[in-house]
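Chain IDs A, B, C, D and E follow the sequence of writing; residue 1 opens each chain.
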Amino acid sequence: MRRSLIGLAYALGLPLILIAIWWIASLGATSIFVPKPVPLVSQFFEVWIGDRLLTDVLPSLGRFLAGTAIAIVLGVLIGLGVGLSRALRAFTEPVFEFFRAIPPPVLIPVFALVIGIGDDMRIAVIAFGAIWPVILNTIEGVRAADDVQTETSRSYGIHGLGRVRYQVLPSAAPQILAGVRQSLPIGIILMVISEMLYASSGLGFSIIQLQRSFAVPQMWSGILLLGLLGYAVSLLFKLVERRVLRWYHGLKELQNAS
Amino acid sequence: MPPENDIPAAVVAGRGRTLAPEQTLLSVRGLKKVYETDGGDIEAVRDLTFDLGRNELTCLVGPSGSGKTTLLKCIAGLLDPTEGEVVLDGRRVTGPPKKMAVVFQEYGRSLFPWLRVADNVELPLKNAGVPKARRAELVAEALESVGLAHVPRSYPWQLSGGMQQRVAIARAIAYQPEMLLMDEPFAAVDAQTRADLEDLVRQVRERLGVTVLFVTHDIDESVYLASRVIILSSSPTVIQEDLVIDLPDQRDQLETRALPRFTELRHHVYEQIQLAKRGFRPDDARVG
Amino acid sequence: MPPENDIPAAVVAGRGRTLAPEQTLLSVRGLKKVYETDGGDIEAVRDLTFDLGRNELTCLVGPSGSGKTTLLKCIAGLLDPTEGEVVLDGRRVTGPPKKMAVVFQEYGRSLFPWLRVADNVELPLKNAGVPKARRAELVAEALESVGLAHVPRSYPWQLSGGMQQRVAIARAIAYQPEMLLMDEPFAAVDAQTRADLEDLVRQVRERLGVTVLFVTHDIDESVYLASRVIILSSSPTVIQEDLVIDLPDQRDQLETRALPRFTELRHHVYEQIQLAKRGFRPDDARVG
Amino acid sequence: ACSSGSPSGPAETETAPAAEGGGDLTPITVGLLAIAPAAAVQYGIDEGIFEEHGLDVTVQMAQGGAAMLPAVSTGQYDFGVGNPLSVLTAASQGVDVRIASGYSFSLAEGDDINAVVARAGEGIESWSDLEGKKVSVNAVKTQGDLTIDEAVEQDGGDPSAVEYIEVAFPDALAQLDGGNVDAVWIPEPFLSAALADPDTYTVVGHPNQETIPGLPTMVTFTSGAVGEDAELLEAWRGAVSETLAAATEDREGFGQTISEFTGMPEAAAADLRLERLDAELDPQLIADLSDLAQKFEFLTSAPDLETVILD
Amino acid sequence: MTSPAPHDTITRTVAVAQARRRRRRFRPRRLLLGLAGILTFLLIWEIASRTGAVNPTYLPPASEVLVTFGANAALTGTWVAVGQTLWSWALGMLLALVLAVPLGIVIGLSPFLSRATRSTVEFLRPIPSVALIPLAVLAFAVPLQQSLLIITYGAFWQIFIQVLYGVADVDAVAMSTARSYGFSWWQRVRDVVFPTMLPYLLTGFRLAAAVALILAITAELVIGTPGVGKQAGLAKDAGLYASTYALVLLTGLLGVVINLGVRTAERRLLSWHQSVRGES
């Protein structure tokens, strides 16, 4: 009881202090560019709960989900294939290095050319940007499969798909999920950017729009929404990861404790 | 330097004992293994010949780097020998054979940390297509026999080192091998657990009629465990001595180790290994 | 169950031997340590009292989890005792004392991997402000005495486990402590190296006149090394027995271990630990 | 052995700040966009007109009205040149900006300098045909979609059924070709390019003329604080007025400046059809624009035109 | 590029180094295979465009793009743009580094501060830096400053988090050893904390370098800060498609060069650390 109260105090302490400072500092401010906590929160509900939820927020989320889902599935498949073969690894490495290094936003104009300026383009951009961490981490994870585990598998006649299923995938899972964790924020970023160019709807579009029309508190509420979204995605990921990698975290905790 | 006092020598210097085909489970013939590396070839094992009889418990000792692990891997079909052959039950070993199980020293890395204890034991059976009901039975039996029936739902890393190694042994038992290879399985567990595990291995051999080849660094352990100790020379490796352990079959951690004969055998093996370390080789002896 | 045959019992059951102040280097008095954790308090050590004389080599044995490491850390000033006190050379220990060195089991983690062997040995001297010339001398001497004079420019992780542990010992020696604490320093090295390191520790104590407190799991090791073995009960810990090892001062890996007295002592310690594991406690005995 | 020029087009000359100001010139900073009409200010600087009016001008290139307005309101820039709707929007949200003078206007009659263009033969001929179609504008919620909305409504269509997509002007015709949009709103010189190919493109109409003929496309603006400084304001207005007149007069020289200022090929700059440049501003036009913007809720509150338009 | 799991970094670095050393054996073959990979990629591109599988107007053949790329390399404008991009990248990285390292060490070393700041960090970190674009536009008039806000914000977290990991990774036994030998607080930071943290810091720097480049280019595209990204947008708007692709190629190469550069710097800085030497 006392412990959880202390925990709560730690979790809320600094944020409350910061908000208080912000509130006090903005009390006397008259410039409309300085955000104030109270209007910000009231604007938040006004702006985002309503039509915008359906026309902007949900479609954005849909594109984000579609793009990252494609990235994760394709990324793991490609990573597995490439990771298991030394030759394929050498064959693809420079090309992958290059593609990974391309800042994905610069592909928006290019994708707009080849695919057009619809949702497919946005999803493609998100998928393209988010796939590299998944691929590269899967490759590393597969490659780092423990020798002793591999020999154990072999000595018990576990090979081929059985080995992928029982040994390679689970042992690479922590690394794969580390890749997924990196790819999620990239997905969000690209969701926003892809809506800032050639857009007619979406979160990124709305926020730029609000900024252009000098609806400053509303714009801040949009930034807040993006922050919340990023936070929610990372929280959700953590939950999923905790479940999937229960063994891994248990193991790490134990190692760290010693 | 020939072996001294009343310890019987190997049948032929530089050779292990060979048996008649019907008694033999495993034959190693003229085994040679050369590793090809960047820095040139490393001849880890030069020429090994010996047979293991059914239900024997043989210990393999030798200086560090003498190729014990290499030999074991060749037998397990995990490495291809450069020359010579390994024959298990009449069939030449080219890949991991069905009825063989290996227990590695690195229990922490040989168990799959994402599987619970029971699932770890079950996995090879599942993969081999053993029916579910039979699997459950085998797993329960195996865990029972290593004294871990109470923790099937734990993860391996939640167990102590000794318990983990027992899980690895249970996995090997459940797989019902005819031959069990163990590579320094107890090197990293504490002395007390080690004693318990040693007795467990002897039990398992007795009850399941399995043939065991046991690699160890520990001279006491080899003498205590085995009915026979094969001493390897230093690398490139040949057999330094193939020693019969003529201790009573019923062994006990305190009593057996207190026997004068135990001390003698221990002493003998120790000296042989010291010899091996100093580079003495049986073929040198023959020439010299 | 009282100790049997001709082994002398501790002076007072549940208490270690205490000495006159002029002979004493280290006094532990009524030491108690309770860990406060999320899951509640854990009483690791209940009540320990004993003295270590100058230049003694004492081994501490006890079941796993009996608080050996805890006790050592309290003595080293790395942990604050909950009750009781530790007095080194007349001064109460509150933080890490100057003239004490600790060798941890985890040599891999206790050496700094980014420093070369010689730099690792030198660092504590450097931080203590020892002049450069003197440092070089001490480092060279220490490395020499552990037989590592030839690898000062290597990184620790380029060495074998046994060599790494010798570096840790060299670091402790170079620091010229009056008291050397060692926590299961050889648990992870192979048997042969272990034997060498054991002899090294005995040598160091003799040559440098340092007082050694040595924690080990290994009963043979404790009997072989020590002039005195303190056996701890299982947790919460008290002293189960404080045993004088009346073996000749000159020890030898083969001969000493072959002595009947060695086997007796070994046997005795073994039984005491079995007792401790089963939860027998000296104070229970007193009451029962 | 590098030749000058950039991979995205011909040479782009960095706009140098005005030459060393002599005497007691008032230093001012002016925010400009990299578009053709804005080059007139540069022309005026090059010709020394601003100096004659006692102004030492530093030009800051801005990326859009939205970035320029806050800078002007906080005094980082003294003046800006941008579209009046942005100024009204900012003012209605409480940003301290004032319209200082007129600058450029779309043509009240004849072929206007901006139009909505569709692919020929696809049946988009009148404003109401835009219903349910995708129309590109350079930026949503600005004068393009505002006047198109009104034009559609006047034609009996439903403006809320028109979908606007942001596409930069230079890219608009390509997107129209690619079928990603159904119609595009484009100004010169892209409009002329489309007009030159009547088989491919058809003009739907000129939305500015349709709604507010002679709509101011750009105005100059400043902050309230600068607006108080009657002397400075006077100097600025005088300079702008003279500059715009001179630029209109000297079409050839102005074309040169446009080419240098925007990186447009010289020939294109010389042929470019230009808006009407004039520093005089009829407040009624702004009022009309404000009303229209409120009607379509581009403005949520009415700006106080009395304060916004400096007299 | 994961955040290294605590504790076993050094061991793992060694293992990785050894693995790399082992891989070196296949160097010539690897090189050839890699080249073959690049050629195959270019070939597929060329064919896709030449056969019209993709509209060649919008995807010019690889050969044409490469020629344009070569031509662009002779233009000063290209190098000015590269310089502008790298300048904002470098400034942003510098700012992030200067802010993140001391803050990370101070917070990481204090259990109280780490606990008190955790929730705030957890909330601020996932905020996509591009969310700050509108803010940057309103707050700063100068495009470079707008870029810097975004770049610094994005890069800051990468470095900061790695520094925290690094400080948390300081081995308990190593720390006990230092304490038992009587090291002072400052000596412990210098001799134990800093060397442990350094590999993490460099990892953070590498991650941040990639993020910073992405954000620099994003800012150029969206806000219009001068640089390679802006050029690519302009080229596309002007219908110079081959040039657009050439510029995209350029950004990719820029990314590769930055990555290589940081890796080299990493090796240099850790050259005292033998475990890194095998890595090449």
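Everything below uses one rule, namely that a contact is a pair of C-beta atoms (placed from the backbone, for glycine too) under 8 Å apart; a residue touches a chain by one contact, two chains touch by 3 or more.
What you are looking at is a predicted structure, and each value in this text was computed from that prediction instead of being measured.
Visitor: Which other chains touch chain A while also touching chain D?
Guide: E
Visitor: Which neighbours does chain A have in common with chain C?
Guide: Where chain A and chain C share a partner, that partner set is B, E.
Visitor: Taking CA centroids for every chain, report which one is farthest away from chain B.
Guide: Comparing chain centres, D lies farthest from chain B.
Visitor: Count the touching C-beta pairs: is C-E or A-E ahead?
Guide: A-E
Visitor: Return the chain whose centre of C-alpha atoms lies at maximal distance from the corresponding centre of chain C.
Guide: With centres defined by C-alpha atoms, farthest from chain C sits D.
Visitor: Quick check: superposing chain B onto chain C on C-alpha atoms, how many degrees is the rotation, to the nearest 5?
Guide: Angle of rotation between the two copies: 180 degrees.
Visitor: Between chain D and chain E, what distance separates the C-alpha centroids? Give it in angstrom.
Guide: Roughly 39 Å, centre to centre.
Visitor: I'd like to verify one number: the distance from the centre of chain B to the centre of chain D, where each centre is the average of its C-alpha atoms, in whole angstrom.
Guide: Chain centroid spacing, chain B to chain D, equals 87 Å.
Visitor: If you average the CA atoms of chain B and of chain C, how far apart do the two points sit, in angstrom?
Guide: 34
Visitor: Rounded to the nearest whole Å, what is the centre-to-centre distance of chain C and chain D, using the mean of the C-alpha atoms as each centre?
Guide: Taking the mean C-alpha position of each chain, the two centres sit 85 Å apart.
Visitor: Taking each residue of chain D in turn, which ones touch at least two of the other chains?
Guide: Residue numbers touching two or more other chains: 64, 66, 70, 178.
Visitor: Out of chain C, which residues touch more than one other chain, so two or more?
Guide: none
Visitor: Return the residues of chain A touching two or more other chains; collapse runs of consecutive numbers into ranges.
Guide: Residues 33, 112, 197, 211, 216 of chain A touch two or more partner chains.
Visitor: Can you check the complex and tell me which residues of chain C touch chain B?
Guide: Residues 63-64, 187-188, 190-192, 217-220, 254, 258, 263, 267, 270, 273, 277 of chain C touch chain B in their complex.
Visitor: Which residues, counting only chain A, touch chain B once they are in their complex?
Guide: These residues of chain A touch chain B: 146-149, 151-152, 154-158, 162, 166-167, 170-171, 173, 247-248, 250-251, 254.
Visitor: Please name which positions on chain A make contact with chain E in the complex.
Guide: 10-15, 18, 33, 86-87, 90-95, 97-110, 112-114, 133, 136-137, 175, 178-179, 182, 185, 188-189, 192-193, 196-197, 204, 207-208, 210-211, 216, 219-220, 222-223, 226-227, 230-231, 233-234, 252, 255-256
Visitor: Show me the residue ranges of chain B that touch chain A in the complex, using the header's touch definition.
Guide: The touching residues are 73, 76-78, 95-96, 98, 100-102, 104, 106, 109-110, 112-115, 123-124, 127-128, 155, 157-158, 175.
Visitor: Under the definition above, what is the set of chain E residues touching chain A in their complex?
Guide: For this pair, the touching residues of chain E are 1-3, 5-8, 26, 29-30, 33-38, 40-41, 54-55, 58-59, 115-120, 122-135, 137-139, 210, 213-214, 216-218, 221-222, 228-229, 232-233, 236, 241, 244-245, 247-248, 251-256, 258-259.
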